[in-house]
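A, B, C, D and E label the chains in the order they appear, each numbered from 1.
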Amino acid sequence: MELLVNISLLFMLSLTVIAVVRLKSLFAIVMLFGIYSLLSAMIFIALDAVDVAFTEAAVGAGISTVLMLATLVTTGRWEKKSSRSSFLPLLIVSITGAALVWGTLDMPEYGNPDNPAHHHVADRYIEQSPEEIGIPNMVTSVLASYRGFDTLGEVIVVFTALIGVLSLLQVRTPPSVAETPLRNENRKLSRPYPVLQVVALVMMPFIILFALYVQFHGDFGPGGGFQAGVIFAVAFILYTLTYGLDDALALTPVSVLKALAAGGVLIYGGTGVVSMLLGGNFLDYNVLSSNPVSGQHIGIIVIELGVGITVASVLICAFYAFMTRALPDQGQKG
Amino acid sequence: MIASHLPALQVVVPLLGAPFCFLLWRSPRLSWLLATLISWLTFAISIALLVTVNNSGTIEYAFGGWQAPWGIEYVVDQLNAFVLLIVSGIAAVVFPYSWISVQQEVELRQQSLFFTSMVLCLAGLLGITIAGDAFNLFVLLEISSLSTYTMISMGRDRRALTASFQYLIMGTIGATFIIIGVGILFMLTGSLNMQDLAQRIPELDQSRALHVAFGFLITGIGLKLAMFPLHLWLPNAYAYAPSAASAFIASTATKVAVYVMVRYLFSIFGVNFSFQTIHIQWLFVPVSLFAILFTSIVALFQRDIKRMLAYSSVAQIGYMLLGIGLFNVTGLTATLLHLFNHALMKGALFLAMGAVCYRIGNTFIDSMQGLGKQMPWTMAAFVIGGLSIVGVPLTTGFISKWVLIQAAVERGWWPVIIVIVVASLIAMMYIWRVIEAVYLQSRPENAKNVSEAPLSLLIPVWILALANLYFGANATLSSELAGNAAATLFSGTGF
Amino acid sequence: MDVVTDLISWIFLGLGIFLGLTGAFGLLRFPDFYTRVHAASISDTLCTACFIFGLAFQSGFNLVTAKLFIILILLWLTGPAASHALVRAAHTAGLKPITENSD
Amino acid sequence: MDSFFNEVISGALGRYNYWVVIFLMMSGFYVVIGSTNLVKKIVGLNIFQTSVFILYISIGKINGGTAPIVWANAERYSNPLPHVLILTAIVVGVATTALGLSLIMRIKHAYNTVEEDEILAISLEEDEDE
Amino acid sequence: MAPEILLIWALALPLIGGGLTLCFSRIPNLREGSTIVVALALLLVVSQLLSHTLNGETTQLTLFEMLPGLSLSFKIEPLGMMFAGIAALLWPINSLYSIGYMRGNKEENQTRFYLFFSIAIFGVMGVAFAGNLLTLFVFYEVLTLSTFPLVTHKGNENALAGGRVYLGILLTTSIGLLLPAIIWIWSVAGTTDFTAGGILYGKISGIPLTVLTLLIIFGVGKAAVMPVHRWLPAAMVAPTPVSALLHAVAVVKAGVFSVVKIVVYIIGVDTLTAAPWADLLWILPGFTIIVASVVALNQDNLKKRLAYSTIGQLSYVVLGTLLIAPFSIKGAALHIVAHAFGKITLFFAAGSIYTSCKKTEISQLNGIGWRMPFTMSAFTIGAISMIGLPPAAGFLSKWYLLLGAFEVDQIAAVCVIIISTLLNTAYFMPVIHAAWFRKESNESVLTYGEAPWPIVGALLLTATLTILLFLFPSIPFSLISAIPL
């Protein structure tokens, strides 16, 4: 059964990829990439990686695709025919692929419980993390505590991306209310997308609620700061898409988002510094409380919060920057 | 108490300093000041680390209190303490320099973002160097890469954008290759910790999968360090980035990548596997010899001096790989020495070009004619750096070449020596072009008259230029550090 | 499990499969954009509803059922809204539906 | 002979997953280096990376295991470590994508094209003009 | 003062001179004055060192130790002392001459001229006192690079083209041939220190030794053994004081000096004798001597003719060295001195003519002797020394060379020396003849007299020295006999 699911998913993935290679319509390619992401999220579930599936669906199929679509608005939807020969790339790819396949012959069998990968470091995570960390989701334990520094690094990567996006694409400063006194009335008169706006407004609280659930339930089930941050960002992306960038900017000023993005990193890093000050190593949550396990709890909750805040604000901010570039004169249309 | 946390602080200080730099976006000056402060602090930390390592041996630091291999570990030994010193030292010189240069070359809006990126890049590079965990290395690699792409894209020329994009694609492919390699290693050993991997890999000597992992890692790292012929991203990236960024990246980023290469070849895969099973030297030696000659010749024909220096960098990376390929302690010493020396010389040269760019707005050889009279100090520093590239005695470049030749002599590979000598001749020619234009031609009538660069640019330039002379005249310290590290790597005991 | 609930569940699932195939078939075979969206939106709403009912009967009455229903509400909210947005965008962009006279 | 075939089949069953993933990876890689449209390159990069993620997760899979969340009835759990690594890698991937896409938008603005060939041609002209 | 301190002063003084030149760049009188003062001070310092050396003291000094066993160090030994002595003696005279020349011809960029001149002297001091091959190499290159701005002083396309040839050949040969040779020596012997008797004994022999010797002969491009002589005529685009000091004294002498020094102190005379075909090596300079002399015959441009004469004369030194006979090597060393004084006189005279009447071709010189009697008298003395006739210094050195050639039974070499002497006569005599015995052509309406007094003073001094050296050769002789062979 599992084999069947696996094989059919892999088959569909292959089809998608072949379509991506062959198609010339960028729009179709981007949509296919979204599908590819969703399919791989499914395969992750089939392979027991629920957290990864969650993230892949939210990030790959969600944010990445949205950003790619925003890019397509400016760049156009069609790839031009290239005169370049495809021989060299094909050769490189074939050699690389052949090398990998050759390597697989000595690789441990897929799914075999005796594989070395499962028996050195992983054992301890599975056997001892429930006692050492005290939370059921081992992925969260490893992510936030055993390999907490990796996660700090990845928050910083997100933060770095924000720096890059902001330096490349400037977020528009919204026309202030004082400058355009008629704007609010105008908008009410010509509310462009009534159905969508209402739906969005109804959805938003639920999305945010769900984000919070994912944020704080990450210890027990799939989820955590990243996923929550992405979902949170999605709420505002939805709002932006239906109400326009100016309204969204009024709702969440960029300066606040920037401060939050930095703040999230600092919350995470600050936890590490505090643990250092309390006599432990950097990011050693044991010292945060008299009881090591509750210390781990506190630490994980705090750093997940930092992750969530940074990811959400970075993604929102980046999306605003993309929209500013994609729809440059939206503000004037009002 | 602080002393025991030094390895963490080395990376955490810039890592957490960056958000503060960013928060000061309204005042680029403040964020620059903070960045400079951070760079000095990290420099102090790396000196302290080097001293500690020399006195009491390898330091290990377990993040989160989780012992390796379960947690992430930082390991400082003689090798990476040395590299840390190079990176943070260059940062401590370049960061103060960047203010004026950035003022002129980067839009006001982007300035504090630029400084933030620089701090992030520094953090990333230091992290790569100090990391004892293969996957953590990847994460920090991405931090440094993303911030580098950002800095490059801030160049004024629109080609900066395409250069940055090209680098992004190549860099990401490289990073992906690295994670494929790490993934296979994990699959075979179940560990990500470098020391742990080093212990487990010898058991797998004949595994085809291990060979593939090796191939992917070397290719991935090769992309990052611009190993010929994977260097195509480098010249544009260095040429169009803002001067401060070029100087910083050129003198640190590829060095760190070379370090990673050395770490993987010698510490993780081990000398036996890399050199006696795979025979990587048979790849490195011909490739680097060809790279040295070819890119030196290409450099001869560049009109933009920054671009010329970029090609020269590819050639210099060739020397470093050659040192590895010679496969003896002396050769490795030469590589490590050249890491240090090349950072000094390329730093001085790029900083001098930044000063020129500050005054005349570009770095084309035609517009630099007769500049020797108008910017005597800047150009004198350039000459020192240039002589160092050529390998003139009493400059650092000579020391590295000397030791490299020594290594080749030990091997008895005379053709290698001939290539080195010929390449030095070519290097002399391309440096000479500049000297001739700058000193022996008069300033064209229509060219604008400029004055000497401001002191805040000159002082960093001269710090590096004098360092070139000092470490060229007295290389005992640097060669001892490099030699010890090389000997430890070869003995296989070291990590 | 009760045979009756199982049966009901499978009826729903079968209906869902039928509607889904219909929608997919329509998506491929209908002549223009608007009709295709129409076909797709059927699989969006009724088909998913059938699946969820079917699955709800499969799982019995517990937390999973509640979650399934929340998903259903979500899909019912977003599916039609998305179809609406698509059609509206096409209309704004000036895409004309095929009518009898258009040939 | 039979045993040989059995071996081949079981070997293939133990590796088909890797092989398909390698195919996906290489297709993505091909899109990156083979296409000239910058957006398509980024899409290819994402496919390349996502496929690597599948490879990692495949490494962590244990037959008969369940998701690594403590659960009373679980016999054995799949390996959580690759999951953690890939969570990180996904986020790194989206960060790179965002940066790459913003670069593309700026390139479009500066060159009015996102085709590598055309940009190269323009750049060559510029180099000659200087 | 202790010799070590003196040594440091000898190296530092030229640099100080250069610095002073820069400081006083706006006050020409002070600038040139300071140059002369520093040059005299250097002469004083070097003469002090000379007295130490004559007492048989050897002095060593390590300035930088870059890596263990790789250092920048100095060592005073007789041969180097002699070279330094010539340079120190001729620098003040040349400075005097330069002042006259540069002002007389209203050259531009005079500060740069004096600055690089000083740096070149610094290079010479370094070469002379070098304690190991590396140090020699470094200062050899300092000399090359610092003379480039002097060669291209005029700054026009012609000068730059000449300069490129100059730099190209010298750097290519030194880096491409000499440096590998140094590396080779170092890899074989483990050191590059100049040691009496050489350091290669038993370390290298057979064909490789011959190859190594060839690498050195051609690697030291400044010795201008054909075919690496092209730079010398090319460099004649330089102003005359430059040609005079640098191409009669500093640069070319640094070249042949290096050859002698390497043969004596690195390879070792005995070691070289044992090398295969060692007895044929002299053919290279021998060939150069003959060819250069023949070419010189056909040059109408006075400086060009002097340049080819220099090529030939340099090869005497190399020839003397490669005959590997004690007498011939001493003769070679002596010829360095003799040729220096003689050739600088000749160049000074050429510059003097150019300054006073802008004549550069030999065919224009008819009757010039009566208009510029001092200049042409000095020229005649110089020429006599070049030819090797008494009472000029050239006679002594040629005598020793001949003795050496007989000592090792190289009759062919004897023939070469004799034929070349005839050729020397053939290309110098017409000039002297024209200057004194031909009537000035009537077309010339220019009236001119002697050149400015600093020029005349300088050339008379050097001419006098040429004679004095013949009459009182005790100092060079005692130095030469102290060379450990």
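Operating definition for what follows: a contact is a pair of C-beta atoms (placed from the backbone, for glycine too) under 8 Å apart; a residue touches a chain by one contact, two chains touch by 3 or more.
Given the structure is predicted, the values throughout are model-derived calculations rather than measurements.
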*What is the shortest path, in steps, from chain A to chain D when you may only step between chains that touch?*
1
*In this assembly, which chains make contact with chain A and also with chain C?*
none
*Quick one: which pair of chains has the most contacts?*
A-D
*Look at all chain centres (mean of CA atoms) and spot the one farthest from the centre of chain D.*
E
_Can you tell me which chain lies farthest from chain A, using the average of the Cα atoms as each chain's centre?_
E
*Take the average of all CA coordinates in chain B, do the same for chain C, and state the distance between these two points in whole angstrom.*
57
*Could you tell me the distance, in whole angstrom, between the mean C-alpha positions of chain B and chain E?*
45
*Determine the centre-to-centre distance between chain C and chain E, using the mean Cα coordinates as centres, and give it in whole Å.*
99
*Taking each chain's centre as its mean C-alpha position, how far apart are chain A and chain B in Å?*
32
*Which residues belonging to chain B are in contact with no fewer than two other chains?*
135, 139, 142, 146, 149-150, 153, 180, 186-187, 192
_Multi-partner residues of chain D (at least 2 other chains)_ = 25, 29, 33, 38, 59, 81-82, 85, 88, 92, 95-96, 99, 103-104, 106
*Counting only residues that touch at least 2 other chains, which ones in chain E make the list?*
none
*What are all the touching pairs of chains?*
A-B, A-C, A-D, B-D, B-E
_Footprint of chain D on chain A - complex, ascending_ = 6-7, 10, 13-14, 17-18, 20-21, 26, 29-30, 33, 36-37, 40, 43-44, 47-52, 55-56, 59-60, 63-64, 67-68, 70-72, 74-76, 79-80, 82-84, 86, 89-90, 92-94, 96-97, 100-101, 104-105, 107, 109-113, 115, 117-118, 121-122, 125-126, 130, 136-139, 141-143, 147, 150-151, 153-154, 157-158, 160-161, 164-165, 168-169, 220-222, 226, 311, 318, 321-322, 325-326
*Residue numbers on chain B that touch chain E, as the complex places them*: 392-394, 398-399, 402-403, 405-406, 409, 417-418, 421-422, 424-425, 428, 432, 436, 439-440, 442, 472-476, 479
*Of chain B, residues touching chain A in the complex*: 1, 5, 8, 12, 15-16, 18-20, 22-23, 25, 61-66, 69-72, 109-110, 113-114, 116-117, 120, 123, 127, 133, 135-136, 139-140, 142-143, 146-147, 149-150, 153-154, 180, 184, 186-193, 196, 200, 207-213, 215
_Residues on chain B engaged by chain D in the complex (per definition of touch)_ = 135, 138-139, 142, 146, 149-150, 153, 158-159, 161-162, 164-165, 168-169, 172-173, 176, 179-180, 183, 186-187, 192, 303-304, 364
_In the complex with chain A, residue positions of chain C that touch it_ = 74, 77-78, 81, 84-85, 88
